[in-house]
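Shared chain: chain A. Partners: chain B in the first complex, chain C in the second.
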Partner chain A sequence: MFELKSYEKNGFIIVELSGELDSSSVPEFLSKLKKIWECKAKKIILDMKNMEFISSSGWSAIIEECKKLRAASGDMKIACLNKKMKRIFDVVGINVLIKYYESIEDATKD
Partner chain B sequence: MKKDTNFNLIISASKKNLKKVRELITKEMKVNGFSTNKIISAIITITEHLENIIKYGYKNSKGKIYIKLDLNYPVAKIIVSDKGKKFNILKAKTEDLKERIKNGIGGKMGIKIIFNFCDDLEYKRIKGYNNNIFIFNEKK
Partner chain C sequence: MKEKFISIRWYIMGMFLLLIFFIFICVTFLMVKTQKQNMIREIELRGTTIAQNIANNVADLLLIKYDLEVAKILKETTKDKSIIYALVVDKDNKILAHNDMQFVGANFLPCCFKFYLSVNKTPVYFDKNTGGYIDFSSIAKAKGKINIGTVHIGISYSIIEETIKKTYFNIIIITLIAVVLSIIGSFFISATLTEPIKKLVEGIKKIGEGDLEYKIDVKEKNEIGVLAFHFNKMTESLRQAREKELKQIAIKKELEIARKIQEAILPGNFPGIKNYRLISFYKPSIEIGGDYFDIIQVGDDKFVILISDIAGKGIPAALMMMMFSGIFKIKVNENFNPQTLICNLNNEIISRFSENVFITAFYGVLDTKQNKINMVFAGHNEMLFCSVKGDVRSIFSKGVAIGIVDNEILQKQTEEITLNIDIGDKLLLFTDGLIDAKNKQNERFEMKRLYDILKISYAKSGDEIMNKIKFAINEFMEDTEQEDDIAMLLIERIK
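And now, the complex of A and B:
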């Protein structure tokens, strides 16, 4: 099951994702995220602490949303990935586009 | 009582079935003593492979995918067969995706992830079927 909740902190929208993000849940992720950044601030931090699993379809959606956000003068950061998901993040090279932080605190300070 | 070590599952090539496969792998590998670390490696690998079969092998049209689990601790073999487009994963090129990602373009990550998370991989084409054997070994 995939879930998405959001709240504001220090001028950022913290988007808490939980569950599993694969090609079956990507459409739901995209529509919910779009609603957030269309009506609220465009600086987004994806909080992954409750995210169990992200497939390459999920990562692709995140990458493409980041590009759209930046084109709209926004930004996207990622925080709190579990060990395996962090390994994918590094192995694939997502770190060249999106900054990673160990905590939401660190992400909001930078 | 002797534990079951062989399991078979046939699914239609649909994104909706990815979770069902992950649940089977998680449950049966756990029962057979595999670590959470290996189980997660297996579900990451198999999800990537299934997403590729659905998208490229069957091109989002109808088809069946056959999954067999052969669990003999410390080695788990997961055999995935499909009748989609012929594709030898062992001959696939893994490219450096950094430039692509820097430009905000996704895709092409699946095979790189598979090679990084499974310990060994065999491919056989038999009677029109792609047969991929993914091996996860606790000793590796």
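And now, the complex of A and C:
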């Protein structure tokens, strides 16, 4: 079950994701995220603390959104990945593209 | 359904008949009651009047002892068949005159009492010979003063009974006519009511048999009409859904063909590699996907090995995989050096696709002379190395998946490593479909299970190990739908 909630903090939109982000939930993720950055600020932090699994489709959707945001002079950061997902994040090399923070506080300060 | 079927028509007719019976029972009860009361009043009036008349007529005659005349008058009175008797009694109830002379001198005793009529509590007496009768009396006063006796007349009660019988008979006849008429009427009324329902049932039957083109023709502007309208609407939606389903089946078939084409791209036979054995396994997911592996000989003792996973599923991933396979074959011919090749592939992918594509790949160059492998992990998961001594460890080097960043960054971030291979060593390469495979309990296969299999079976041949993994993954997944492709390559140095 995938869920997406968002709130504002220090000029960032914190997007709380929970559940599994795979090919079945990617369309929902994309449409909801698009709505958020279309009407709110374009600085987004993805809060992954309740996330259980992200498939390759999920990661590619995150990368796609990040690239789109940056093209629209926005930005995307990722925070609170669990150990397993952090490993994939590093293995795939997404860390090269998207900045990672251990907590939302760190992400909003930077 | 058929043996217990009772049409609504019969219910409607039954209800009609019940209603008719109820109405007629009520009417009968009321009519009989009123008629009985009217008749009693009439008889009472008549009886009292006759008795008074007789009393007036016979009083003077009795005074002068004109008994015969009196008897004549009494006899005259009883000519009316409804009058059973007419008599005169004295104070002691002794009969002075009677329509039947033989009773003169006897005592007048009304017969055994039967019942009271309900209106004025008039008593009704009963006699075996004459049946029920009502007694009326009037005092005969001679010259208007002298009480000479009392006149009694008995009026037959059977008149009332007969009239009531007649009334009953009439009502029964009317009831029968009403029943017949109501049967006919309710038959037609129920027919009008049930006809659209019948049409609806027939339509539903046809639709149930699969004829989704059928339209129920009910034009009634009532609940049945509304039901038919919505039923037609539902059928239309069903028809559209079925059309969609058929289209999807067609697409699924096409996808199956596409998957077969895709599988054909994967090498069926590997080039013979001296002193090495290569075993592969590929299990595509239900949908077509994007796992790809290849082994190409690039020199006398050199073989390039690629295993890659295109992010995503379905047609885009599959098309991407086909294209990637083509690009790979071309680029390998240009330069098979690991870092250069990965950069070249990245360049091609980035220049063709600006977004939503990334490919993780393991790429290695196996030197069978020096027994070593130079490799890069472009965002791909680690491989498991199983030494002849039973050490199992994961091998990984820093890298970035193809298609995420520019070559400049990619090159900086990609590390090339070298691994020496001894006799009996085994290298297990795989895509994340293996470790991410889910079971019924929503658990994933995970690296640990794979690691444990290798740890236990390190001394076995590559074939045996591969079979064990295949068995383990099938047992783990049971009949859970496979979400992602699973590809494995096992490289074993045998000499």
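We adopt the following convention: the second predicted complex is superposed on the first by the 110 of 110 C-alpha atoms of A that agree within 3 Å, B and C clash if a C-alpha of one lies under 4 Å from a C-alpha of the other, contacts with A are read in each partner's own complex, and residues count from 1 in each chain.
Throughout what follows, a contact is a pair of C-beta atoms (placed from the backbone, for glycine too) under 8 Å apart; a residue touches a chain by one contact, two chains touch by 3 or more.
None of these values were measured; they are calculated from a predicted model.
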Fit or clash - chain C, chain B, common chain A: clash
Partner chain(s) touched by A:72 [first = chain B, second = chain C, both, neither]: neither
Partner chain(s) touched by A:23 [first = chain B, second = chain C, both, neither]: both
Residues of chain A touched, compared between chain B and chain C (which is higher): B
Clash-bearing segment of chain C, relative to chain B, as chosen among 115-123, 133-141 or 403-411: 403-411
Footprint overlap on chain A, where chain B in one structure and chain C in the other make contact: 22-23, 53, 55-57, 59-61, 63-64, 67-68, 88, 91-94, 96-97
Complex contacts: residues of chain A adjacent to chain B: 20, 22-24, 53, 55-57, 59-64, 66-68, 70, 84, 87-88, 91-94, 96-97
Residues of chain B touching chain A in the complex: 15-16, 18-19, 22, 37, 40-41, 43-44, 47-48, 51, 54-55, 96-98, 101-107, 109-110, 112-113, 116
Chain A partner contacts - residues on chain C that touch it in the complex: 309, 311-314, 354-358, 360, 377-382, 396, 398-401, 404-405, 409, 413, 432, 436, 444, 483-484
Touching residues (chain side chain A, partner chain C) in the complex: 22-23, 53, 55-57, 59-61, 63-64, 67-68, 88, 91-94, 96-97
